[in-house]
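Notes to accompany the following structure.
Letters A, B and C mark the chains in the order given here, with residues in each chain numbered from 1 onward.
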Amino acid sequence: MKERKTSVFDGLLADNTVLSSLMVISPVIVCGDTLRNAAALIAAFSVITFFSVMISSFVPRKIPYAARIVSYAVISSLIYIPVRIAAGEFWPEAVERIGIYFPLLAVNSLIVFQTEARFFRMKRTNMVLSLVFYILGFDAVMLVTAFVRELLAYGTINSMMTDTPMLISGLGKPFGGFIFLGMLCGIYRKIRSAAGHRKEEEQEE
Amino acid sequence: MLKKAERERHTFPDMMLTLLVLVLMAFFYHGIHALMLAAVCAAFSLAAEMISVKFLGREFRYGDLMCITDGIILSLMMPASMAYRAAAAGSVFAVVCAKNVFGGRKNMIFSPAAAGYIFMLTSWKKDMLSFPETYAHTGFFADTEGLASSASHIYNTTGRMEHTGYEILMGSFSGPMGGVSILLLMIAAAVLILRKDISAGAFAGTIASTVLFAAIAAEHGTKMRTAALAVAMNMVLFAAVYIVSDKRLAPRKAHFAFFYGFFTAAAAYILVLTMAKENAIVIVSVLMAPAALGFRTLEDKIDILSAEEVSAKEAE
Amino acid sequence: MFIVNEIIVLLASNLILMQALGTSTLFIAAGSRKQLLTTAGIITIFTTTGSAAAFVCDKITGGEKVISLLMYTVSVGVLYMLLLSALYFFSRELFVKIRRYIHISAFNCAVMGTLFTISGKAAQDSALMHFGSYVGAGLQAGAGFVIAALILSAAYGRLCSAEVPASFRGFPAMLIYLGIISMAVYALS
């Protein structure tokens, strides 16, 4: 089997943060049921992850691995403080509803582990681009999930009533999130595999 | 091997026969809407199966027709007044999410009908637990007025049973369409066990456990009456025949199947007794799926060890 | 008889099934039964000791939400370093075998989520604001993770078998499997 070339754009489609790497799935499953929740989570996740990884990239490699992991977590916890205060101003209701999943964004596996495994092995420009696309990958999945679940579970889009013929309230619950995300993962893999086969055929031709 | 294949070929017609009799009984009590519900569930299950089998790159075979029985089983667990859209959604969920994503009939993990029932219960709880009275013929488009709690719910919460033994046997009390026809279910159980279409061990374990626990915990009335009502109410008999004893899921060895049925029914009965949970056995059967898989894994290991012993003896 | 009800209560408050906390860690560890149970065991250690640390932090900060995360992170970080050091000096062989489980167990949603959940409940009900209650809740959360790990390991072989369509094999099938179990628990609770 031919090795797939990695690219800085992988995080969005080819190696999507949520659908492929299965990172940061808890907020998607539990809180990804309305667009308002999604907006608050996307903003917080994007800011916390971007600045945490950028600042963490200056942590010296000489210190032991465990100490580096702890320092990444502490850095993201510090960045969380102003983000939490700002989010409380812009989305007070959403932040209340999201509850414990808001602070949990700061200790997501993208910051704590993928920094070592992926980002810090790249050159700085590539790292920034790759990080942006991994963040966009999460944002995209969060938006799609929230849109579909809100429409089918509550019959609204961004809290505005629509004329949905049938509501499936189970989709708004955590188990609905599990099942929906599982189905989305499977469909994503199918599409990615089909796209991969087509590219190989085109290259062979 | 040939006998096993032949046996599997007659499972579908046998199951369909027993289910159609229950559907006809539901039609007698509740009119055209009951019949249409069964038809909608069967049609959507079949369509979902055909589409998902194609999506998975497989051929549609005779064995895949069991999806129709899953759809009808699901419909028989609903009130006769259920909306067609919800029934269709439940059927599609049962076939696609509870069965085919795991590999279909060759790799079953959950009973599709049970999973579909729970999906509908969690999404449309009020509609799923509100039933029309017997002989209240709901038209083609169901009349949603005049719905009430099931006899099982009243029995669970108050311990009172207003219906006579005859009415209970004939299914003349409010409840799920197919879960109330006790006499027909007993006949169906006998036919399917004799034809080896369902697991006799699992069936025996389910009934034995329910009777035992009901006799021990009897508060209102005689032990015999309590035990009989425990089997008749909360879809216990229906689930014992079509869900817990499903050969695709229950352990193959009779003693393992007995224990599987026993513990499923025991847990369900305790939930009915302590939490007044209506139709708990259907929900517990899904939660017991890991246990059923564990039994099957154990059986496979036993079979492998036995085969190794036999070949070692032959080599000697 | 009431054991069944206790099990239902345990499942209904389960981190993974009802709150989707630690799901990624569970899937990463699902490679083998030994891996799964070792990770679950170490997470239980972190949830229990972390809860004790969270009690101290809440006493100091008064449950202030904004700096709670920083306090909990520092506490878990200290516990993480202590556990690694203790294992290193106790047995090098064991340290080499187990350290990666400790790495993935320390900073994850299961542990941090437990601390926040316990703290939130204590903030609502002052009767829960004592050391024993925190540690007990942490132990319960860890036990819930072990139960979820056992539920997943029972079906792991089936979920990764060749019969499962390639696009759903592994993680997608595991998500749907856990979703259906979670749905059943929700229906009961």
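The definition used in the following text is that a residue touches a chain if its C-beta (ideal position, glycine included) is under 8 Å from a C-beta of that chain, and two chains touch if they have at least 3 such contacts.
Note that the coordinates shown come from a computational prediction; the quantities given were computed from them, not determined experimentally.
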Top chain pair, ranked by number of contacting C-beta pairs: A-C
Per-chain Cα centre nearest the global Cα centre, belonging to chain: C
Inter-chain centre distance, chain B versus chain C - centres from mean C-alpha coordinates, in Å: 34
Computed distance of Cα centres, chain C from chain A, in Å: 21
Chain centre separation (chain A, chain B; CA means) in Å: 40
Per-residue overlap in chain B, given as positions that touch at least 2 other chains: 97, 101, 119, 122
Per-residue multi-chain contacts in chain A, two or more chains: 170, 173, 175, 179, 182-183, 186, 190
Residues of chain C whose C-beta touches two or more other chains: 165, 168, 172-173, 176, 180, 183, 186
Parts of chain A lying in touch with chain C, wherever the complex brings them together: 22-26, 29-30, 65-67, 69-70, 73-74, 77-78, 80-81, 84-85, 99-100, 103-104, 106-109, 112-113, 170, 173-179, 181-183, 185-187, 189-190, 193
Residue ranges of chain B in contact with chain C within the complex: 56-57, 97-98, 100-104, 106-107, 109-110, 115, 118-119, 121-122, 266-267, 270-271, 273-275, 277, 280, 283-284, 286-287, 289-291, 293-294, 297
Of chain B, residues touching chain A in the complex: 55, 83, 85-86, 89, 97, 101, 119, 122-124
For the chain C and chain B complex, residues of the former touching the latter: 1-2, 4-5, 8, 11, 150-151, 154-155, 157-159, 161, 163-165, 168, 172-173, 176-177, 180-181, 183-188
Complex interface listing, chain A residues touching chain B: 165-166, 168-171, 173, 175, 179, 182-183, 186, 190
